[in-house]
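What follows is chain A paired twice: with chain B in the first complex and chain C in the second.
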Partner chain A sequence: MKDSGRSMGKRLVGILAIPVGVLMIILILCGAKGIRLFATEGNWIAFFQATATVMITTIVLSINLNSGRFDFSIGSISLLSSVISASICIRFGLATGPMLLISIIAGAVLGLCSGVVYVLVKLPPIIISLGITLLYEGAAFTVTNGYGVSFVANNELVSFPSVFNYIIVIVLCLAFAIVVFDHTKFGYDYKALLSGQKVAVETGIHEVKNAIICYTIAGGMMGIVGFLSATNTGTIQMALNFGSISIMFTAFLPMFIGGFIGRFCNEKIGYFIGALTMAFVSLAYARLNVHSSVQQIITALLLVGFLIYLNNEKVIKNIFGFRKRRAEKNYEV
Partner chain B sequence: MKKLVKKVLCIMLCLSMTVAIAGCGSKKTSKSGDGKLDMSKKVKIGVLVSDTTTAEALSFRKYYVDYIQKQYNVEFVYSDQMKDAAGEKSALDTFITNNCKAVISFSSFDRASQLEQCEKAKVYYAVATGTLTQKEYDKYKKYEYYVGAVGPSLELEYQTGYDMAKHYLDKGDENFAIFGGALPYYTEMHIYRVAGMLTAMIEAGGKDANYDGAKTKDEVIAKLFKAGSVSTGSIGTIQVLGYVGGYDMDDAWNAKCKQMVQTKGLQILLAVGNGSDFFGAAAAKAGVKVASVDAYAKNYGDAMQGKMLDYMAGKFSASIGPIFIATYRATLGAPLHNDKGEAIALDQGYWVAQNNDEFQKYYKVDSSIEKPAYTKKMLDKLLKADYKTFKEFVEKYKYEDIQTIGE
Partner chain C sequence: MKVDRWKRYFANLTPVIGLLVLMGAFFVIGTKEDINITYGLQTIINQSVVVAVVATGAVFIYTLGSFDISLGAAVAVSALMGAISYNKTKSILVMFLVCVSVAILISLFNSVLASFFNLPVFVTTIAMLSVLNALVLILIKINGTGSQIAVPADAVMDLDSLGVKLTVLILFVIVCIILFNFTSIGRMQKFIGGNATCAKLTGISGSKMAIVAFAIAGIGVGLGAFLTIIYAPTLTKDTASSVGMDIIIAIVFGGMPVSGGARSKIYAAVIGAFSMTFLGQIMILLNFNSGIGQMVKAAIFIIIVYIASSNHKNKLLPR
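Up next, the complex of A and B:
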């Protein structure tokens, strides 16, 4: 019982150490400058919006990346699905609910197409995804004649951003990902393929079907990201020549953080906490008015620092373990 | 005998080579005997663009491709979106290989290199919707293949920012925020626009008003160039409550934008670029008026109608008509020079819409490809015009003035 409690405590420390540590540092920095991190409702909305988009993007990125499929096209799926949904909704005067639904469906179809191309062409996924990115970016550009979509004057479509709505999106997406990947036959097959594709296929798991479903789910979820980004500003800016890829890079650090936290809890919850951590950082950049070049340096340092830690974890633990043992020895003497 | 034959052959060969070289060097003129320009051959013109997705860039492209290309015997070859000077060099190489006779440049990462490259390749080079700095102009004005520049000078950019701020200061507004666009990247036109805004505030701010100690236009410009951003705070009785620059468009940047617009007491957001798309929705909720410098596009019209945009200083798409004519003339062997025989450098400004009716009136003309602001009939007058006539035409850029030219 005591051991179980100690283990639970250790897990809680593992789960909360990074977000709480980051929040503490940010609060100290804000305090030193006399700034409140959450001063207005707008700050809360920005925080939860960032948490939602980063968490979903991280989950999406991990779906294919964990299986060795590097998918550069997720940003372009988000772009094109939001262009499709916003265009339809503006034309027919639809509200945010239908827009979200159309975004998800459009994203899922685009993801499905991406997956089908991948399994049919059988080229490395990195090449396929780059081609798909250009195709979808070009399609979005053509559909809007290059002007993008702007609905800033449409009060209905820009009414979505609120803390409550973002929390609902976070909870539903997280629950969906956990249920699908941890509690369904598809999820078990997915995990079996991760741990050994050859053996899994020999046991009767259909890897092609699994890959296509992965792409479809990823596409649908990126449709949600597109919807969240579009309704946040009321405008969809066009991206060409791989301009949409940058969204993917926002998910790397939370994915690594989530992977680390995933040792102590469900991996998807790890991604959520990773996204939460990045949302604290993102809001701090805004509240402290940090210059974008400084932001990039800080984010890069955090990423590199975290990777260095993950790759040298044993060495670091040994060093600290050695010191601890030596301290204990000296104490005994 | 053999030696004599050899000598004769050598002399003939030398003569033929001399004639051939002289032929290569001589400038072709397409003027026919009666002074008319020979426009029977299609002329390829490369268009170098650093931006392919903004409303402004798309309007310009539409005017060239959907109107000018159908009216004149020309073909426009567009570059991809430029990201740096190396990209510009590579795109110019492609134009030259594709037998483009001229390049009209909308890209300004390294104008000097572009100009040198075109001069070396004997391809005419023109700057659209911008100007060279005085130092650059002094260096290149005599270059044979430099056609010149037509667009807002830095002085005009300054004036645009000044007028925008003054419009609200005269109404008694005192609490402002500024969107600096590419100011953090030291883009001169944006720096000058912001300098105009701040100088207007200094003038309106009372006796001891100053911006970080700067009181004059030149001092403000120097401050902005040094800092690469705008300091918030008081300018006498006027308040600069917020500032955002750059185009990061990530979560932190979006949060910054929203936070700025929701600053307590804010009345006006002055944007050196697209203001309504980035701030419109949040500004409308907060009751803040947005003023922009951009172009006449449908979405801005919608924003103006929906009270998300209050003031627009916009480039009109046909404003690039005169520089096309100057370039086209050069390729036809009738280049236009100023009175001193130098490349042209002409100032051309914005159409300013201060309400929705004005905006819609300008937009109707600007978006037309049947009867744009500068029609073929109007531009044809420039094909053989002297410098004075050309200059007068360009400088009458205001909407009402252009209607007069049309008549």
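Up next, the complex of A and C:
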């Protein structure tokens, strides 16, 4: 009983150490400058919007990346699905609910196409995703004649951003990802393929079907990201020549943080906490008025620092363990 | 059996055939549209040469099965440092040396960081991409006139000729071909790319080879930065912004497998870079808008790569 309590405590510390530690540092920095981190409702909305967007992107990135499929096209799927849904809604005067639905369907169809191309041509996913990115960016540009989409004046479509709505999106997406990947046959097959592709295929798991479903789910979820980004600003700006891939880079650090936290809880919850941590950092950048170039450098250093820790954890623990043991020995003497 | 051999030859030659077809299409459409073909060719060489040089060096990284996404940003930072040094010293030689040295340092930093701390190279280069992009903005802000750093156009005018650019490209490609095909460096790199575990068991140091590969790629980046200044002496935050992804496309377009290994080839970078530029120019000649042009480019890219790799299909889905 005592052991289980201790193990529970250890897990809780593992889960909360990073977000709480980061929040503490940020609060100290803000306090030193006399700034409140959450001063207005807008700050809360921005925080939850960032959490939702980054969490979903991180889950999507991990779906294929964990299986060794590097997918550059997730940003372009988000872009094109939001262009399609916004264009339809503006044309037929639809509300945000249908826009979200159309965005998810469009994203899922685009993801499905991407997956079908991958399994048909059997080229490395990184190459396919480069071609698909160019294709979808080009399609988005062509659909809007290069002008993008703007619905800033459409009060109905820009009414979505609110703390409540973002929390609902976060909870539903997280629950969906956990149920699908941890509690269905598809999820078990996915994990089997992830840990041993050849063995899994030889035991009868249908790899092609699994891969296509992965791409479709990833596409649908990126449709949500596209919807969140579009309704947040009321505009969708065009990107050509791989301009859309930058969204993917925002998910790497939360993915590694999530992977670490995932040792103590469900991996998807780890991604959520990773996204939450990054949302704290993003809000702090905004509140402390940190220049964008400095933001980039700090985030990159955090990524490298965290990776150095993850990849050298044993060495670091050995060094500290050795010191601790030596200190204990000296104390005994 | 004979049919298989022909099929294999054809697949291996697909990138070259693709380039020849694109060249032919450019001449036919150009003649029909009554454009100045000579001027068009000059433009194509000017646009291709930077990507070709940088991609040629990058082949060494790709051969190992690694991947560097920060090369475009490294070109920008090296070019900016070169321009700053020219403005301080008024010496082209110093500018050239600074471009190459900075590029090698950036590349070595990437590889040493990855090797020393046991990090995945790709993620290191993603972090480096952010740092270098930020550095571009900082350098321009500190040393420029608001949004740019410029080298006087007349200072580099004599060097802005096809002769100089092609000479740099050809010399670098020859050196790389020698290193890649006729020295143990190339053999060891192909071995590591083909089977890293086996290579390690035979005593080949993956870390050392990674450092060598990144150093050679750094030289390519430095030369690319120098050529960038010569072609467009006014440097902004957008300088070489598309080079990073163009390199990946060029290498794959030229018939090089992204997984590296024994099928890697130096000439893939040059063929890919020129193919892409010919394709881009054909889209312009056909008056396609940027979106449709990019879609056609994507489709042709996938088709050519598909045919080129049709001999190397596996039962399992590739990862």
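Methods note: the second predicted complex is superposed on the first by the 333 of 333 C-alpha atoms of A that agree within 3 Å, B and C clash if a C-alpha of one lies under 4 Å from a C-alpha of the other, contacts with A are read in each partner's own complex, and residues count from 1 in each chain.
Simple rule for what comes next: contacts are C-beta pairs under 8 Å (C-beta built on N, C-alpha and C of every residue); 3 or more make two chains touch, one makes a residue touch a chain.
Since the structure is predicted, the reported quantities are computational estimates derived from the model, not experimental observations.
Q: Clash or fit: chain B against chain C, after overlaying the two structures on chain A?
A: These partners clash in the superposed model.
Q: Taking the superposition as given, does A:118 touch the first partner, chain B, the second, chain C, both, or neither?
A: Only chain C; A:118 stays clear of chain B.
Q: On chain A, which partner's contacts cover more residues, chain B's or chain C's?
A: Comparing chain B with chain C, the partner touching more chain A residues is C.
Q: Report for A:126: first if it touches chain B alone, second if chain C alone, otherwise both or neither.
A: Once the two structures are laid over each other on A, A:126 reaches chain C alone.
Q: Of the two partner chains, chain B (first) and chain C (second), which one does A:146 touch, if any: first, second, both, or neither?
A: Both partners.
Q: Applying the touch criterion given at the start, work out whether A:78 contacts chain B, chain C, both or neither, answering first, second, both or neither.
A: Neither partner.
Q: A:69 contacts which: chain B (first), chain C (second), both, neither?
A: A:69 contacts chain C only, not chain B.
Q: Who does A:49 touch here: chain B (first), chain C (second), both, or neither?
A: After superposition on chain A, A:49 lies in contact with chain B alone.
Q: For A:282, is the partner it touches chain B (first), chain C (second), both, or none of the two (neither)?
A: Only chain B; A:282 stays clear of chain C.
Q: Applying the touch criterion given at the start, work out whether A:158 contacts chain B, chain C, both or neither, answering first, second, both or neither.
A: Only chain B; A:158 stays clear of chain C.
Q: Which holds for A:307: it touches chain B only (first), chain C only (second), both, or neither?
A: second
Q: Considering only the listed stretches 5-13, 23-31, 41-49 or 113-121 of chain C, which one runs into chain B in the superposition?
A: 41-49
Q: Please report the chain A residues shared by its interface with chain B and its interface with chain C.
A: Chain A residues touching both partners: 141, 145-146, 240-241, 292, 295.
Q: What part of chain A is in contact with chain C in the complex they form?
A: For this pair, the touching residues of chain A are 67-69, 117-119, 121-128, 130-135, 137-143, 145-146, 197-198, 201, 207-208, 211, 240-242, 245, 249, 252, 292-297, 299-301, 303-304, 307-308, 311-312.
Q: So in the complex, the part of chain B that touches chain A is made up of which residues?
A: Counting only chain B, the residues touching chain A are 52-53, 55, 58, 80-81, 184, 229, 246, 248-256, 258-259, 262, 276-278, 280-282, 284, 297-299, 302-303, 305-306, 308.
Q: Could you pull out which chain A residues touch chain B in their complex?
A: 40, 42-43, 45-47, 49-50, 53-54, 141, 145-148, 150, 152-154, 158, 232-235, 237-241, 246, 250, 279, 282-283, 285-287, 289-292, 295
Q: Could you list, by residue number, the parts of chain C that touch chain A in their complex?
A: It is residues 67, 113, 117-120, 123-124, 126-131, 133-135, 137-138, 141, 242, 245, 248-249, 252, 257-259, 289-295, 297-299, 301-302, 305-306, 309, 313-319 of chain C that touch chain A.
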